[in-house]
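Each structure below is given as structure tokens.
Common to both upcoming complexes is chain A, partnered first by chain B, then by chain C.
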Partner chain A sequence: MAEIFYNGRRVDGRRPNEIRRVDCQFGSGYSDGIVFLHQGNTKVIASVVGPHAPRVKGDGTPDGATITCQFTKPPFASTSGERRKLSSKDRSANDFATAIEEIFSCVIRTEKYPMSQIDIFLEVIQSDGSEFACAVNATTLALTDAGIEMDCLVSAATVGLWGSHVFADLCRFEENPRISQLTVVCLPNVHLLSGVNTEEQIGQWKSQPQILHTRLSSWLPVERLQPLITEAVKVAQTLQKEFSYWLRGRVRSGFITR
Partner chain B sequence: MKVLTSQRATLKSSLLNHIVISYQYLITMLPTQEVNTLTEMLISGYRLDGRSINEYREISFRFPQGKDPNVSGCCVVKIGATTVMAQVSVEVIEPKHFRPSQGMLFVHFDASILKLSKTLYRKQKRDDEGRRLSAVLQTLLRDSIDLDALCIVAWERVFAVRVELRALSYDGNLGDCGTLAAVAALAAFRRPDVYVDDMGKVLVDFEAKFRPRVPLGIRRTPVLVTLGLTADAKVVLVDPTAREELILTGGRVLLGLTNTSEICCLYTTGLSVPIQCSSLSRCIHLANSKAKSLVSLINWALEGLSIQREANLAAAHARSCELNNSVLTTSNAPLVLSTTTFLLDKNNQMDHETGSYREEGEILPADHNGLYSDLDNDDMDVVSSDDDDEGKDPQSLMKSHIKHRNETKLLPYGVIEVSSSSNMNDQISDKLLPNSSVNDFDEFDSINIFNANSISLNTSNQIFTEGFQQNDQIIESLYKEPIDDDDEEEDNITILNLD
Partner chain C sequence: MYPAIAAPERHSVDYVSQGQPEGPSIQQGSAVVPGEIVFSSVASLITGHGTYRSVDASSTNIGEDLSSAVNPDTLASVNGDPGIQAGNIHTSLTGRVRIVNKLVYVEPPKARYFGNVGDTVVGRIVEVEQRRWRVDVNSALLANLALANVKLPGGELRRKSEDDERAMRSFMKEGDLIVAEVHEVYKDGTLQLHMPGTRTGKLGGGCLLRIPPSLIKRQKIHRHRLAIPRMDTLDGPITISNEVISVGLILGCNGYIWTGPARAMDIGLGLSAPVEADLNTANESELLAERIAVCRVRNCILALTHNGMPVWETSVLTACEASWSADQQNDDDDDEYQLEFETSINNDSSGSKSRNRIARLLHPEVARRLVTLVQAKLKSDY
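Up next is the complex of A and B:
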């Protein structure tokens, strides 16, 4: 077993503030939006179907769209070689699905699509740490590719605290109980308030990023939590700029093919 | 005003559409006027049930007993009208290959009662709230128990601790109630011990024949604090009720904290508007002081539970000459341990007949000096101001009855108790605790007789012969009790039949 942190380098050779290589492929098929997202060795396929009429008769609401999410992790997904059976009783998968439904019901403008349903299908092809963050990022790209109207892009990042060092974008070896890891889902610096605001309020809103979802998985003193959140938000915003570049390229390639 | 009018318009249109489609949606919707009234109350800092923004409801712990009263790891916690039951059981299984010498902890939260009241999706089978709270409690409790001590034989057998939680009634804030129940049940649970046989085999003493049961090793006491946020994250509520959860469209923040300002769970759910880092740090700071109060409350409840168990053991193993005292201590140890807010009505403060302040299920603390240092300064200021304002009246009332000094002791959540110490009570029994079954009229009369005797004896001279007469009166009062209530005091009947 290699050292977690030695001589300024992490177990996979990265520096503390360095994220893994992120790559994205937009697919085309029967779904309205398909994205294959790599973050290092974590690979997630996100498919979005919709908006369409609800399949069950009483499920639609007149206020807006209903968002459903299905999170699947096949037995061959883990890079540690462990094989687990795929079952509907998997606790973490259902927890992730519920959280993603809540996140995107807040971001998607559901009032544009009354009495309809938007389905999100997530499948983890390979798991090497930071699954939830990668799934949220893939869902954002897939929803944008499907043309569903959202307020802004959502980006997620996982950050770990090892002594006095903050590790960005944890891999599998760094996801252990000795490293306190925090996952943050955040939005860019866009104020969403409606109505008249004073200049002071606008200044306060613009200066601070906005957090939509957090989860912390290990014990941590309270004083160290605030810098950890700040670092996680920085990493998430870096990923978000990368995603916006890809989506612009996607738009241009769409124009060319027409 | 524009925001309010737009909200009213959307609510009215949604109400009309809900009436057209189905009747079930009306259950979860509140009327527009109620929404506006509650919103204005919350903005101005008031709540519907009279609490302040940073205040919990009444929390009560109950430890129902099974076959063996010293072993059962069951706990029922009520926060207001929310009730959660936790049951801890243990079994021996084979460990995982990547952790061969560690025990396991499984947490399952059954919140299926929410499906009855919230039927947004007819065919939605997932128990979202239960799964979410199971994940949160797994994170909280996994590091609070010493799992390495649960190993029997490495690579072969380890103990698996299973915590089953079930929501019995729902009025908001299942997370805090479930965490209190789980932590108290784990602290009250005793697992079977392991011994080595003459043949050299390692055996588990499930029936406690050779060794008594052993408590689990608990490293820290985690506590979950749920904060509700309004839509613009300006008002942060502690302990939201079910009605307030419908209004708090900003979502909830679940914070898992300990006594020593350690945080292990920062879980935000249902945020319809994203919050800033400053709002999140404000939530953490608010929850930190609440968590310290809750941890001291758990320690206080567990201390009451140990008093009950000691009284039961003393009654079970008492000699014939010590039987009366042990039976008294057993009957006086209450089964419900709760915090009660200090009532402002003067009539409820004092029982004039008995001359002592007592609430149902309340324990007079023996030594709680260490707990006061845990409270924050803000809480202490509030409690001390209450003491200055309202402490005078019970003192004046107590002076007319008993001439001895009065001691006011401070408990979490501002509970003020006035306890009287007299010499005769010390002679009768070392630990005289108030009776929990005050509701029964006959027992109440017997208690009054007992207290009246003690008061009358204080005035007269203390003679040794009168002590014997008092013991005879105690025996007579004890014989009267089981005739009226046979079911409640089967233990007393069996103990008395031995004579």
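Up next is the complex of A and C:
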């Protein structure tokens, strides 16, 4: 294997703080929101159906919508060439699906859709590192493309700690046991997006908790974990800014009816 | 091992260059994403659909109360609680901001139907319960159509009895298409439908489309009868005749569009006799010409929708006329046809290509060109 970090460059040619190229394709089909998200060579299709009436009678809750998620990975998804059939009882996929259900139960304004159900279908077409983060980002874009009300755009990023260097947006070669990996799902600092801000609001927003979910691959002491979380939140907010550009551009390119 | 290469170039719209944030202020029609602050907490505006106010938890301490007591010019809090101040107005949808007097709301480009009283909707019956039908109208929950709100076959006016409850499946069963009006919107989002007058009822044979509800223009009349030029074959020579075929079109406000023969639209309303009884009188060429006209309307609506064009009667009619003119033009210039579009179907054994004039409307290039013609014609008309 090539060197992971050599002469200021990573194994795929990036600097430590560079993320891979993001490309979003918004589809139109029978689902309410379809997004094909590329983060480098990691490709995830997220489709959202809903809010709709529950298919099983008596399944809805009167105080909000029920969110279900299905995470699948075809056998050809891995870029390493390994072909492994994913069964329905796979622990990793079910763990990802449950985590995404919990994350978006906090973010979606479920009280707007009582007795309803929102189905999220995720399919990893190609996996080249940062799989869970890419799935969360695709789900966010698909939900807001389907017109479902959310408090904020959720963004997720995976960072790795290699010695004293922090790698942003890991690829497949950097996801190995020698690098401590941290995935963070967080909300953005929304005061950066608009110009309406004052001094106390900046201080207030910076003090509010923003991290919804973390996944840490190995044990780390606190003094090394804190800068890792800080860098992960920065990378996630950069991605969130990029996604807001995509969404705003999509709204503006539509036909203006009035 | 090879290093990961960058994603290849995509032939898609460059959304990033168009997605720059707005200036320092939000105005009418600005594009917003969820979580964005559109107005500060001192703005005396009412939050509507797609906006919400965040509650400031840090203003409940004693210092804030003292400062607000000292300053008499502070705006009174919206909630009426002296300790809790109203927060900033955030958006929760991706779309465009609309400000109407003191109401601020967001119009999403694609969402499910949320219901307005008086809207004409097209729905499909999914369940028959006791004294009511459950109708799918592309909303968050299933709509209800009570037995007391439908007309009896034959038009007699009397109260519904238990015999009518037992005969509900003979009126409408699962899978039937209906056109109804929204009677009431309940607090949890459930819609109550009713069928007043002669404009609503069960629909006959036709074609159902589902498009985003925001692409249907809100108008007074949603039930139209279009005059489509007659075409007898899909791939034969076009015979120039002044005959037209009447095609019915129902634009439901919920995004469902029904198009079919005007005969099916008229017979189905009022839960009358089944449509198949009248098919014996029509011969085969009449039915084929009618079906070709209905398919032209359907494909024109899909072409308009895929290019983001709103759908209403004038735009559908203009699109059908444009596709008809393009058919006649392409018949004269055979080489230009084969050079520009390659959607022809090779059916003959001799190698000559036949052209499906209706299916080629679904090609992205043909659809984009059609929408350009429609926009130019509508702009010149207005």
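To be clear about the criterion, the second predicted complex is superposed on the first by the 236 of 258 C-alpha atoms of A that agree within 3 Å, B and C clash if a C-alpha of one lies under 4 Å from a C-alpha of the other, contacts with A are read in each partner's own complex, and residues count from 1 in each chain.
Assume a contact is a pair of C-beta atoms (placed from the backbone, for glycine too) under 8 Å apart; a residue touches a chain by one contact, two chains touch by 3 or more.
Treat the numbers as computed from the prediction; the structure is a model and nothing was measured.
Superposition of the two structures on chain A leaves chain B and chain C fitting side by side, clash-free. Look at A:Pro62: by the touch rule set out above, it reaches both chain B and chain C. Measured by the number of chain A residues touched, the leading partner among chain B and chain C is C. Of the two partner chains, chain B is the only one touched by A:Leu220; chain C is not.
Using the contact criterion defined above for the overlaid structures, shared-chain residue A:Ser92 touches chain B, although it does not reach chain C.
In the superposition on chain A, contact is made by A:Leu187 with both chain B and chain C.
Between the C-alpha centres of chain B and chain C, as viewed from that of chain A after superposition on chain A, lies an angle of 130 degrees, to the nearest 10.
Put simply, chain B and chain C get as close as 7 Å, counting only Cα atoms, in the superposed view. On chain A, the patch touched by chain B and the patch touched by chain C overlap at residues 62, 187, 193-195, 204.
Against chain A, the residues of chain B that register as touching in their complex are 2-3, 10, 14, 17-18, 21-22, 120-123, 126, 128, 131-132, 134-135, 138-139, 143, 232, 257, 261-278, 280-281, 284, 288. Of all residues in chain C, those touching chain A in their complex are 1, 3-7, 10, 12-26, 29, 31-40, 50, 52, 56, 58, 88, 90, 92-96, 108-112, 136, 140-142, 188-189, 210, 217, 306-310. On the chain A side of its complex with chain B, the touching residues are 56, 58-59, 61-63, 66, 91-92, 94-95, 98-99, 102, 106, 177, 182, 186-187, 192-195, 204-205, 208-223, 225-226, 229-230, 233. The touching residues of chain A, counted against chain C in their complex, run 1-2, 11-13, 20-21, 23-25, 28, 30, 32-33, 38, 40-41, 50-53, 62, 79, 109, 113-116, 128-129, 144-153, 171-173, 187-188, 190-191, 193-198, 201, 204, 242-257.
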